[in-house]
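As written, the chain order gives the labels A, B and C, with residue 1 at the start of each chain.
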Amino acid sequence: MTANHSPASLHRRTSRAIVADRAATIVLWGTAAFVLLLLGTIILHFALAAWGVVSLGFIFGDPSDTALGGVFPVFWNSIYMLALTMLIAVPVGILGGIYMSEYARETGPLGLVTSAIRFAEEAISSVPSIVVGLFGLILFVDTFRWGFTALGGAFALTLFNLPLMTRLSEQALRAVPQDERQASLALGATKWQTIRHVVLPLAIPGLVTGVILTAGRVFGEAAVLLFTAGIGTPVHYDFANFNGFGLDFNSGWWHTSPWSPLRPATTLSVYIWKLNSEGLGAFKNQLADGSAAILIGMVLIFNLGARAVGRVLTRKLTAA
Amino acid sequence: MARLIAADRPSTLKVETGRLARIDVPMIVVFMAAASMIAIVVLLLLFISWQGIQLFVKDGYSPGTILSPTWDPLANTPAFGLLPFIAGTLVVTAGALLISTPLSVGLAAFLSEVAPNWARSVVQPALEIFVGIPSVVWGWLGLTTLVPFLSDTFSGPLVVSLPVVGKVFSMPGFLTGFSWLAGSLVLSVMILPTITSVSYDSFRAVPQELRTGSLALGTTRWQTIRHILIPAALPGILTAVVLGMTRAAGEALAVQMVIGNSPTLPAAITQPVTTLTSQITLDMGNTVFGEPWQDALWTMSLVLLVLSIASVVLVRLINKRRMPL
Amino acid sequence: MPTTATFPQPVIRRVEVGSSIVAEQAATAPADLKISTEHVSVKYSGKTAVRDVSLEIRERSILALIGPSGSGKSTFLRCFNRMNDLIPGATVEGEVCLDGEDIGDAGVSVVELRRRVGMVFQRPNPFPMSIYENVAYGPRRRGMNSRAQLDELVETSLKRAALWDEVKDDLRRKSGLALSGGQQQRLCIARVLATDPEVILMDEPASALDPVSTLRIEELMRELRENYTIVIVTHNMQQAARVSDVTAFFTMAEDRAGYLVEMGPTGRIFTRPAERLTEDYISGRFG
């Protein structure tokens, strides 16, 4: 067995394995570069397409039949739907997250309930958004006889995004060290007091990040809204009009107050789809490009916002 | 001192509380919030199933209709064969997975094994922005850039002038650009972040000792990725692919905008096809509640619902059978 | 107990400890020299973990690196196959030579180096695949595809690692992870042997094992010494005394950097250490 000990130079000719390794390294770097390039191109594409279209007048102006006009009604609806949805989804999601993080048992009969909840969480996440939209159609529009309403859309969006909000909240709460809970419980605080005054405050950075990420998804969603909040033509909104606040379902769906949750509400994303599927106007492309650019801009804001807010809050809480 | 702890003294540790006070209100509230998701799933299944079976129960079509290739809702005896839509969904999804899986797993391997910190801190936020781009924006982008590009570049028959290969590839060229390929390409970009991030997590979960063990035997990094990490991360990668598949099969608007929506069986990747989601999107608003045409759309949504629940079960099976290595 | 007298006289030319120099001269043909290090220091992100170690290792001998934990033994061991390259922020200064060739040279293939300098880790780390595939892994990656050749290599490697008899019946069916801890470690040794190394580095190979498995590993090392140069890190002094020919004692300086205190034939180090620090450590007066 001395043959194998013959001195061999370490400076070996490049073997096939080493060539393959170099090639693979180049390919893997190339993959990453490709994805970055693609994203860069997309953002640049919309920046160029929106050049000369998107302006404050475009975002905050009323639509027009003869000129390019603005998209303010649909932009307002996007914001309005977002607020309405988050108003329902955030509390329910955080409360659900509290249950999953602080109370859920993994064993026994309650363990079965926990796994049923987890299964439901995964199931809703995997149901196509269009099917969730149809569910909203049959439940809110038809069964409840609301017609197409912002409220129905917001409920449909809520149930579609509840799993995400719940899971992100659960993760944020689970990230709070166990020691903090024990310290509080050892001082004689009840479980709820501990959650309320110790765990929740410490989880705020994670919760805020979760809220912003969920908001980003809600803001861009369209398929859920097609058949729940409706697809309409943007009209001028009169913000002094408060018609439709008697919760009067019988007066029909044509409430005209932009504040009313019982009116149809076409959002930016639904508007892009509408322009494509039935839009005939001369400015169809500019309107869609401009709307898409606004959506991408909002996505960037939501993403950077989630990061920045998360960082700032973490620093504040850990420094305090 | 022992006398003080007499048995007849009331315990100070057992606080007398009424029955009502013993009910843990916060727990009930948070439980209801979490359990609401079970209620949502049950309602969703009930409502969609009920609507979905009307085509068979009320309109008298046989369940075999699901697999019939003829879709003609305007004929004298309307035909509601769902096969073109199911097949379309399957092939468009398969195309997207074929394009996206190698790219995504490669990107995950890059992030986990190759990327220096600075590169990771650039690519990861980029992926998050990818996830955030709404599907209508992808559709609009595909419609205004990809579809014209395909049509301009590859119009006419795609005949390759080689003897044998030419025959195989002599498929019709893009007439308009609206096609199976356009749908698969748009979807592949949309599911890229999903497959990448789940695969990335499963690469990270492979114990460090396996990497050092392999490298210490004088193997290259690529050999270690190829022969140790990918096999060890396989259940996670499969999960990632199933999740990507679910997302692709359920995507509605982006696909609808670029595939051309022709309710026939898929013939070539250069030709228009249709999917379950895009037909629902197109027709739902143009049909009347209760007519067979709309009932057929509800049956499509039931098929989608069944597919998505099946994928959740599949993911669970993959992860349960994660072999004790 | 170790019969040091029959062991070949180790080669130690110069060992520097700070300013004092402990020199032990032994006349040897340079051909016997397998590894030498010159002023090797290792830093992790600027913090020195190992300072200025120079030593020489003779072919087909067992060198034990002993010393308290944190004294840089394992870090130093990883210099021999450049595993420190894998740790971000780690830098190695000085020169490590294998058969007179500087392994830190720009043109050196780390892959080839690690093939020739195998390593066994503290925790057994078999791959999640069959016993057969574990052993065949290295040769396969080097392009060996012949079934007959692989079969033979797997068998000889497992036999040399004293594992063959226990696993020969389900080589292909049983996962490497299904073995006991001691068997796993021998599998890892077989895996290294299959790549035909010249040097085997062992980083506390028995610290995670029970006493019986430990003894088997030690027996195995004595057998492997016939053909391989072995460097073992251990904090078990009895183990060092039982198996090694030469022992090097490391300790920590005040700035927590590890350094070599002294090195010599194992019998001498354990009976007549030259340094007070060594004596304190082996007699248990340390820490």
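Note that a contact is a pair of C-beta atoms (placed from the backbone, for glycine too) under 8 Å apart; a residue touches a chain by one contact, two chains touch by 3 or more.
Note that this is a predicted model, so its numbers are computed, not measured.
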Inset, instruction - Using the contact definition from the top, classify how the chains connect: line, ring, star, complete or other. - result: complete
Inset, instruction - When you average C-alpha coordinates per chain, which one falls nearest the overall C-alpha average? Tell me, please. - result: B
Inset, instruction - Sort the other chains by how far their Cα centres are from that of chain C and give me the top one. - result: A
Legend entry - Dominant chain pairing [most C-beta pairs in contact]: A-B
Legend entry - Geometric centre distance via CA averages, chain C-chain B, whole Å: 50
Inset, instruction - Averaging only over C-alpha atoms, locate the centres of chain A and chain B and give their separation in whole Å. - result: 17
Legend entry - Centroid distance [mean C-alpha coordinates] between chain C and chain A, Å: 54
Legend entry - Residues of chain A whose C-beta touches two or more other chains: 17-18
Inset, instruction - List, in ascending order, every residue of chain C touching at least 2 other chains. - result: 111-113, 116, 141-142
Inset, instruction - Would you pick out the residues of chain B that each touch at least 2 other chains? - result: 219-220, 223
Legend entry - Complex contact set, residues of chain B against chain C: 207, 209-220, 223, 227-228, 231-232, 323-325
Inset, instruction - In the complex, go through chain C and note every residue touching chain A. - result: 59, 98-99, 101, 103, 105, 107-109, 111-113, 116, 141-143, 196, 198, 226-227
Legend entry - chain A residues touching chain B - in the complex, by the definition given at the top: 17-18, 20-21, 23-25, 27-29, 31-32, 34-36, 38-39, 42, 45-46, 49, 91-93, 95-100, 102-104, 113, 116-117, 119-124, 126-132, 134-135, 137-139, 142, 159, 162-163, 166, 191-192, 195, 216-217, 219-223, 226-227, 231, 269-270, 272-273, 276-277, 285, 288-289, 292, 295-296, 299-300, 302-303, 307
Legend entry - Touching residues (chain side chain A, partner chain C) in the complex: 1-2, 4-5, 7-12, 14-18
Legend entry - Footprint of chain A on chain B - complex, ascending: 24, 26-27, 29-38, 40-41, 43-44, 47-48, 51, 103, 106-107, 109-111, 114-115, 119, 122-123, 125-130, 132-137, 139-141, 143-145, 189, 192, 219-223, 225-226, 243, 246, 249-253, 257, 277, 280-282, 284-285, 289, 298, 301, 304-305, 308-309, 311-312, 315
